[in-house]
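Each remark here refers to the structure printed beneath this line.
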Amino acid sequence: MELNRLAELVPTGACLALPVDYAGVSMAMTLPLIRHGGDDLHLVCVPTGGLQVDMLIGAGKVRLVETSAVSLGEAGGAPCFNRAVRDGAIDLRDATCPAIHAGLLAAQKGAPFTAMRGLIGTDVLANRPDWRVIDNPFGTGGDPVALIPPIVPDVAIFHCPVADRLGNVWIGRRRELAAMAYAAKLTIVTVERISDRPLLETEEMAAGTLPALYVDEIAVAPKGARPYGLWGEYGPDTAELKRYAAAARSTEGFADYMTAIVGEMA
Amino acid sequence: MELNRLAELVPTGACLALPVDYAGVSMAMTLPLIRHGGDDLHLVCVPTGGLQVDMLIGAGKVRLVETSAVSLGEAGGAPCFNRAVRDGAIDLRDATCPAIHAGLLAAQKGAPFTAMRGLIGTDVLANRPDWRVIDNPFGTGGDPVALIPPIVPDVAIFHCPVADRLGNVWIGRRRELAAMAYAAKLTIVTVERISDRPLLETEEMAAGTLPALYVDEIAVAPKGARPYGLWGEYGPDTAELKRYAAAARSTEGFADYMTAIVGEMA
Amino acid sequence: MSSALTTPPDAPPSTAPATPRETLIYTIAGLLRGIRHVAVGASSPIPAAGAMLCRALAERDGDPRVRLSILGSVQHNFFTNGSVELFDCAGQGRIDAFFLGGGQIDGRGNVNLVGAGPYPQSKVRWPGSFGSAYLYFTVPRVILFREEHSPRVLVDKVDFISAPGVSEEGVYRTGGPKALLTSMALFDFDPGRPGFRLRSIHPGHDLSEVRAATGFTFQADDSPAVTPPPDAETLALLRGRVLGELSETYPAFADTLRAETAEAGALQKEEALHK
Amino acid sequence: MSSALTTPPDAPPSTAPATPRETLIYTIAGLLRGIRHVAVGASSPIPAAGAMLCRALAERDGDPRVRLSILGSVQHNFFTNGSVELFDCAGQGRIDAFFLGGGQIDGRGNVNLVGAGPYPQSKVRWPGSFGSAYLYFTVPRVILFREEHSPRVLVDKVDFISAPGVSEEGVYRTGGPKALLTSMALFDFDPGRPGFRLRSIHPGHDLSEVRAATGFTFQADDSPAVTPPPDAETLALLRGRVLGELSETYPAFADTLRAETAEAGALQKEEALHK
């Protein structure tokens, strides 16, 4: 199966960037990642994580989570994440949304860092020895500024409505997906469908297109964001998210849920 | 006339951002700016300037030009700009394209500066006392990095194909126009036409739309980019650009050309 | 609540007295008065309702237009540059107000969205800081909103500072906490002291109850004001136009509001019968 | 040139010997060999033609795909993030080759795009540095291309450094000059010395002519090689497929090329008659 082959492109120890739940999560890649992808993953949530992140953690695939938050939204807290934190089973790099964006931006620009306001005096900053604080060189002394180094994911994975036969992908106004692809060394995209019409043919579609230059692999996965929704295509299945949230409250419940899903997909 | 009223919003001494020739230059605003706008302008070319910049300089409206280049492209050098440089009639902030983008980006983010690679050892950097160089705080010593402070235009002016009745403007893939509007205190947009259909109604159009939040004034100006072209609408009138280039070689020729244009527009 | 209690959306607004939640919404609208642009999280229906009411009141009174961005919503979100745009927008000074909750909020206005107990191995882990470590610094009017008013939430000192209430001199800061609103009371924040000052207590509660439920010390008059409920005209606007707008984005919450109002109406009638 | 001389685009490619410009294009294609992505300015038809030929050769030989971005072009530019994307792309290491001209180029590989004489009141002002002060640092294979080969252009020391040929140790730099190509000769750049070394002289020129026309000193063999013209097969590819692609973006330049080829063909026939 194509998705399994793509999951094999994620090596053990890889830094893997995944998008926020409403931007286009490639849920279709979750089981392939668990069964065919590498272990000890360093997840970067752009800028927050949800079901996919929780499942990867629950399946024991994750060593480190770099994120501004992990939650199931309306369905409540992320049970496997919360458990792994309590048990000390994963390392944490707690961030704040714009700092995740700042790290990707530095990578996008090939810059050594991005300066950002805020953060001073927070425990977020206090627990990030990989960040720096300098006095603003444009000031007259004082004025501390946080500097965020580049986040360069080994792999970025997300889901979009459509790609064309030239490898271009339509991301619409979800420009964080472009930021992820710019920053990443390898970008894997699943899509609802392939269009015969080149996306760059019209200015209308070109405006929301991520060029093939940044896309390494594309696979078709209809309803590939489910139970999350996909903008302009289908809404989220909140009942299913709640069903997961309830089941995954225990490790056994999580295991049963995942086994059932594997059965459904077989 | 509406465009004259908009030109009056540009006060004397204002920092005015104008786009590169292929992105959507509001040529329609040029004469209104000359006749009704403020003097002693600080032009920021995003990231290079052309006919509009040359005309504003020729008309004596400009005190300072911040740019990566000024030229008429295929039609050759920018005669009024070159003359003003030779005569010392304008001040210069010579930049390089990504440094202009970096300054706008800092303003867009409310950040105190943007770090960028390159520049070290250039006379571009040597002549920009408003920039700084620090040793990369993530390095082990050495590794100089240039820092570019925010560019916050008082006014940004550009031309687009279409706006809707809610004040949203379609910029397609010309995202430097969004960067200008994000950074500027006041944004004036001329358009070919107004659409009755809200631009944010479909994901296709929304992807290339600059939201009304960033747009202060909109006026209709058909063929408003001429003699430049407008992407997806019409091509440039290179013959006219060459006619200007030839005429403006002398101050008298420039004056005659401008008088003729005023006549055509009356 | 049974849906039989729900007033159909096109019926004339009920004239029952304001429910506690309606008073909260009205209080939020008051806290937002005068702003041009407020951003609200996708799962924050009460703040969203307050913002919608503020927008409707501004329109009614001929005040400048109020913009409302509901994050994560496809329909009521005019951002087109991805999820970074909210933060850029705040950095540009284009967002006047924002809401923050918090697993813990302390008396210096510090907010903890990360977890209870020692970090990183928190005993109780919450989702994380989201954008708070930036927005608290850059949005002028941050309203701390948490319905639960208990010593568990309103603590003396947070276990983790996601975002600090005040900053040392010399730290760039254009934003911060303006007020704290719970199901029991409304506090103003004074960055000078720094600390909270009780502005009013919602109908049905009293000062000793508030003191007992609050884990930090705060300033208060001996006889604090009662939080005013909306006047009849504003209530009609809330139950009419605002409820209609709310139904588009938060249908379940709008139903709850309608049910509560119907219940209050039924109670009112019942009381009238017994008089 | 009269259009009567022009071969119709659909005629079989001429077998006339390579024109000087065709040899330049072929030389550029050789300099680009092995790259994955090259960016070319909108008004640089010869570099664009070289890049198109490189792409066609890679395809013919089964080598990895070559991408070509023509800046400012709507049709042959796949960027969708505005004019900043080229620079971001270079910063990401996704651009392998780029072309720079220059009002002045000196023997240390410094490039001046700003003006001749003291800055800022330049006697002769050129447009400006464009992206050179960044791209020269970040694009691994920058090809200096200027047809004019004269002491006015190839100077001992530039009046303004838009972009330096080499950087001090410790300066972050992943790119820089690879070669200098003029209408007369091809030089390799040695960042170690630093300086240029003559690789070959184009047919019809000699070393003393090159020395006289060059304002800086350079290394050279006593008997430098002659720049090889394209072989017949490559020439056919250039006059066929590449010329067709070129016509879409640079129609005027494509016509000029066709006319020059036709002229060369006519000359060849004439010489044959006189033998």
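Read from first to last, the chains carry the letters A, B, C and D; within each, the first residue is number 1.
Quick note on the criterion: contacts are C-beta pairs under 8 Å (C-beta built on N, C-alpha and C of every residue); 3 or more make two chains touch, one makes a residue touch a chain.
Everything numeric here is computed off the predicted structure, so don't read it as measured data.
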## Note on the structure
Leftover connectivity once chain B is excluded is one piece
#### Entry: Far-end chain from chain A, centres as C-alpha averages
D
### Query
How many angstrom between the C-alpha centroids of chain D and chain B?
30
## Note on the structure
Chain-centre distance (mean CA atoms) for chain C and chain D, in whole Å, is 63
### Message
Can you compute the centre-to-centre distance for chain A and chain D, using the mean CA position of each chain? Integer Å is fine.
### Response
42
### Task
Please set out, as single numbers or ranges, the residues of chain A touching at least two other chains.
109-112, 116-117, 136, 143, 145, 173, 178, 206-209, 231-232
### Task
Would you give the residues of chain C that are in contact with at least 2 other chains, written as numbers and ranges?
79-81, 87, 91, 138, 172
### Query
If each chain is a dot and touching chains are joined, what shape do you get: line, ring, star, complete or other?
other
### Query
Between which chains does touch occur?
A-B, A-C, A-D, B-C, B-D
### Query
How about chain A: which of its residues touch chain D in the complex?
107-112, 168, 178, 182-183, 200, 206-214
### Summary
Contacts from chain D onto chain B in the complex sit at residues 42-43, 72, 74, 79-84, 87, 91, 113-115, 119-138, 160-164, 167-168, 170-172
### Message
Quick check on the complex: what are the chain C residues that touch chain B?
### Response
37, 67, 78-81, 87-94, 138, 172
### Summary
Residue set of chain A touching chain C in the complex reads 20, 22-23, 46-48, 67-71, 73-74, 77-78, 81-82, 85-88, 91-92, 94-99, 101, 116-125, 127, 136, 142-145, 173-179, 231-232
### Task
Provide the residue numbers of chain B that touch chain A in the complex, in ascending order.
106, 109-117, 132, 134, 136-139, 143, 145, 147, 149, 171-173, 203-209, 231-232
